[in-house]
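Below you will find the structure I want to go over with you.
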Amino acid sequence: MNQMIAEADFVNATADKHAQGNPMLPLAASGLRFAINGRALVDVEALDIQPGMPTVIMGPNGAGKSLLLRLLHGLIVPSSGSITWAGKPAGKNIQHNQAMVFQRPVLLRRSVAANIDYALKVHGITRSERQPRVETWLEKADLKPLARQPARTLSGGEQQRLSLARALAVEPQILFLDEPTASLDPVSTQAIETLIRDASDRGTKIIMVTHDPGQAKRLAGEVIFIHRGEISEKTPAKTFFKSPSSEQARAFLSGGLLI
Amino acid sequence: MNQMIAEADFVNATADKHAQGNPMLPLAASGLRFAINGRALVDVEALDIQPGMPTVIMGPNGAGKSLLLRLLHGLIVPSSGSITWAGKPAGKNIQHNQAMVFQRPVLLRRSVAANIDYALKVHGITRSERQPRVETWLEKADLKPLARQPARTLSGGEQQRLSLARALAVEPQILFLDEPTASLDPVSTQAIETLIRDASDRGTKIIMVTHDPGQAKRLAGEVIFIHRGEISEKTPAKTFFKSPSSEQARAFLSGGLLI
Amino acid sequence: MHNFASSFIYAAQLLLSGDPELWAIVLLSLKVSLSAVGIAALIGMPLGAALAVARFPGRGAAVILVNSLMGLPPVVVGLLVYLLLSNAGPLGVLQLLYTPGAMIFAQVVLVTPIIAALTRQVIEDLDSEYSEQLRSFGVSRLKSVPTLLWDARYSLLTALLAGFGRAVAEVGAVIIVGGNINHVTRVMTTTIALETSKGNLSLALALGFILIGIAIAVNAALGMLKSTAARSAYA
Amino acid sequence: MHNFASSFIYAAQLLLSGDPELWAIVLLSLKVSLSAVGIAALIGMPLGAALAVARFPGRGAAVILVNSLMGLPPVVVGLLVYLLLSNAGPLGVLQLLYTPGAMIFAQVVLVTPIIAALTRQVIEDLDSEYSEQLRSFGVSRLKSVPTLLWDARYSLLTALLAGFGRAVAEVGAVIIVGGNINHVTRVMTTTIALETSKGNLSLALALGFILIGIAIAVNAALGMLKSTAARSAYA
Amino acid sequence: NAEDRFIIVQSTTSTQNSGLLDYLLPIFKEKTGIEVRVVAVGTGQAIKNAQNGDGDVLLVHAKPAEEKFVAEGWGVERFDVMYNDFVIVGPANDPAGVAGSNDVVAALTKIAETKSPFASRGDDSGTHKAEKRLWKAAGIDIASASGDWYRETGSGMGATLNAGVGMGAYIMTDRATWISFGNKGDYKVAVEGDDKMFNQYGVILVNPEKFPNVKAEDGKTFIGWLIGDEGQKAIADFKIDGQQLFFPNASAGNS
């Protein structure tokens, strides 16, 4: 899967290739609320995510996209509501099969290679298996020449590529991505989109946030639009970009001001 | 200056409005080299930046764009070479008239409003003058409702807007921007571009890095293309996007792979 | 075998008895150590922060020196301060020897390097994040010290508490410069040392428990202060 | 007036004279304090880090307690360990009293809270950055302790040095459990205390300077180690 | 201001630890209004402090050193104040078999022969000097036994008693400290009553000509009271468990 796929429609055509049997899905949330000082920052009545092509979350800055990802990934505890994975509440086993790339990469005070190695190690992968995998992912993220460099001296884009490679390396069944290409140049963005698509094709469910409508068009199976912590709509990608059902999304896509 | 200007050509037409007399320009660098462990990460033979519309720096991830900004801004010391501002080497006074927005915002452990207030205070602005200015810039960056929130709990996009507002608030003569809209939604991006354009029109020289060719087209007076630490070309924006002179920039713009 | 529980009970009885002598000793201990820590913080924090951010030849050596001075033996500090304050010494005219002032002086010498060394570490860690932004604001390295101290204030509390722990627990310095004079310069630790040398181990231990109780009270008070202090704007 | 310079010269002469008794005392000091700090680090660092990351009811109180125990008075620790190790005490069978082992034991008690409290602060600061990423990796809070300790190792050095400073400088605990027995348990600080009580202030001060010199040497050695240790991968 | 009227007395731990000074000083203050502040340290340190002018009166028990102090001009004049005696205390099981002896030289010889542990202060204090004289009289070379059965604690009397009791060693101490000592364990007085174990205390006014800040008048008042009838009677009256600890002998004193 190394050819470069750029046409959104062609991508959509690959949907049937997805392993339909992701054992962790569907992901269902109900009454999910996260409040600070009584102010609800996320307030999702019901959410249901099925296997298939990437689910893309869009919405204005401060809408609550990152908070929603962190809630779903189990990093923060909701004020109320529940989340289930294939009917079961989150647990050790479920956490083990997920990975997340944060909006602001957190790199360990180690070399580039050691960052990937660490993720594999805590994932329970033996030393002998780790080494070739680290090499593979350094290669895929185009970081091979920087393998020995302290990770925290990488450029912004390199950091983002490293944290994506580190997340993909453990081959998770669920992968949360929070604006994974925000600091990437167009070429890297294409390469990373290819990696994301490959993972999706291999059955990894991608749940990602992006501000780039072009990227959403290229990757999304469905789009969730969030506004002020609430889900305005959840629509198949094709429909969304042609005729969004919510007013907020319509305003957002047409570049109007949202207040 | 609050109307929204989106057409690149129209923007170019406003060039003559620029105060030609920015007292810190031209910025000239010669033999500028920054090396770590003997590896040259930035190697610029000569650079000359004149007053006028924004100078946009483009180039692949890891090319050395951020390092070049930090060198010019005086945050890191070159291994060799020199930088002059209107013929004079950098000094306290010159530093005082510059501001920079980092690729990864550094927000103080204070409230949103206090972050702007701090920048104004250390800039020597009296308390009575500060308060209305803080209000103005909170308004402009659409952060008014978040004024009392701890800055480090802001969402990614909100953080970026705050650090831009903080930099603009001191009304610098030179403003370095390192991918200032990478995490912004399309609407915020437009609003921020307007702020940038306003500042430029008021005579602030903008030197900015972006990965978004559309943004570069909308804002740039000239484009500097960097590849592997070296300047491949420095061309007026119109020419650059139509017919870049360097092979690297041509490959970059056409989405080809650069190695 | 000695019964620790009985010493605990003894300690409680002592406190509850409300013996004015005991309370005077407790209060003097607090007064001396809190004053010393306060003064040491005023000197040590800016010093440590300056050392964290400044760049000058010999900085490495200065850091090693400050770290080493955390190992200043109280007895040696006591001796040095004694020789300074003695009637035969250069500061003899102050007539500080065998007064609480002398004890504060000695503890300041003892505690300042501890606060400075720990502050340096905390500020250096914060500065690795702030440094470029502050310099971009036009704030020079040395001028950034107040900002860094302020923004690191919650982490610095531990440095302060380490200094307080050293001050309130030490006996070697205060006994030399204070003389452990009854009703004048007798503090908890010198009393404990005295009762130990009298062989009154139960009493000494009971006083020790009271001293630890005082330390806990001071720590709890500061901890409270920290959490009630609007943690807003600090995340 | 006492001449500090002459004490300096005296200290140099003492060292150069190569007096085997002096060297035996210096070496015993180092042995006891370094062993104590080593053991205290093995206990205190994981403890402090666990306290930094764990979330349980009463955590706030536990933090206050550990911070307070930085103020454990050496004399009280000496007494407690004495009562434990004495023939009449529960650990009397070990026959450790008045041996270097007892001194190490007492210093471990004294230093562990210091290392634990300072470690907690350092690790808490690092964890505020790492926490979500590590949990996303599937590393539970407690399991993240080794990672945090490793990645904070350079900052933790200062905690270690603070512990060493306390150990090498204290006299109250080692004199009670070691007995300051000539040729057996006499260390630098107890010698200084002895010479002070004899009125040999110059000698005491000279020994104090030697002790500070030792502290500087240990700090410099660790500082060297830190900077030669490939700082690669740590930025 | 009466609050400010005080003198500093450099003294040894035995006078403080026994409680004698806590008993005497309030009586003195009651009468004269002068507060006496006592710094109780080792004899050597007390003399050194006085030589630095950090005290008005010196009250110790090391006659040769005291006489030297006066001869060198640091002090004005020395007066005998009181005496008590030294005793050797030991564990109940009495490993050297010296209990009940009143011949200190014979007892020390037995201790050395049986290599029974002996804890010495080893701090050059008055007590330690007296102890060394006794070993010398017994013809025993303690230096070679140091670290073996002869253990120099290098500490004050109280610390040495604590350590000695902890290790089951014989200890020589002044009777006053022993009687008031709180951590006796199963220890008893083993050797006492030998004339060689006599312990004389002296008092000296620090020379105001050397140190103008010395409060000569109040110091003299204190010394006068101490060696006068009232002070001497008070010393004799001080008892613990019905036992007299110090025996005033100022009138018998030489100068």
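All chains are identified by letter, namely A, B, C, D and E, in their written order; residue positions are counted from 1 within each chain.
Just so it is clear, a residue touches a chain if its C-beta (ideal position, glycine included) is under 8 Å from a C-beta of that chain, and two chains touch if they have at least 3 such contacts.
Note that this is a predicted model, so its numbers are computed, not measured.
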Moving only to chains each one touches, count the minimum steps from chain A until you reach chain B.
1
A count of C-beta pairs in contact puts on top the pair C-D
Could you work out which chain's C-alpha centre is the most distant one from the centre of chain B?
E
Report, in whole Å, the distance between the mean C-alpha point of chain A and the mean C-alpha point of chain C.
50
Distance-wise, how many Å sit between the C-alpha centres of chain A and chain D, to the nearest whole number?
48
Chain-centre distance (mean CA atoms) for chain A and chain E, in whole Å, is 82
Residues of chain B engaged with two or more neighbouring chains
none
Can you list the chain D residues in contact with two or more other chains?
86, 88, 176, 193, 196, 201
List, in ascending order, every residue of chain E touching at least 2 other chains.
49, 156, 159, 162
Touching chain combinations (by label order)
A-B, A-D, B-C, C-D, C-E, D-E
Chain D touches which residues of chain E in the complex?
41-49, 119, 122-125, 146-147, 151-156, 159, 162-163, 166-168, 185
Chain C-touching residues of chain B, taken from the complex the two chains share:
70, 73-75, 92, 95-96, 98-100, 102, 106, 108-111, 114, 118-119, 122-123, 148, 150-153
Which stretch or stretches of chain D touch chain C in the complex?
1-2, 4, 60, 63-65, 67-76, 79-80, 83, 86, 88-90, 114, 117-118, 120-122, 125, 155, 158, 161-162, 164-166, 168-172, 176, 188-189, 192-193, 196, 201, 204-205, 208-209, 211-212, 215-216, 218-220, 223, 227
In the complex formed with chain B, which residues of chain A make contact?
59-62, 65-66, 103-104, 146, 154-158, 161, 178-179, 182-190, 211, 213, 252, 255-258
Write out the stretch or stretches of chain D touching chain E in their complex.
82, 86-88, 97-98, 175-176, 179-184, 186, 190-191, 193-194, 196-201
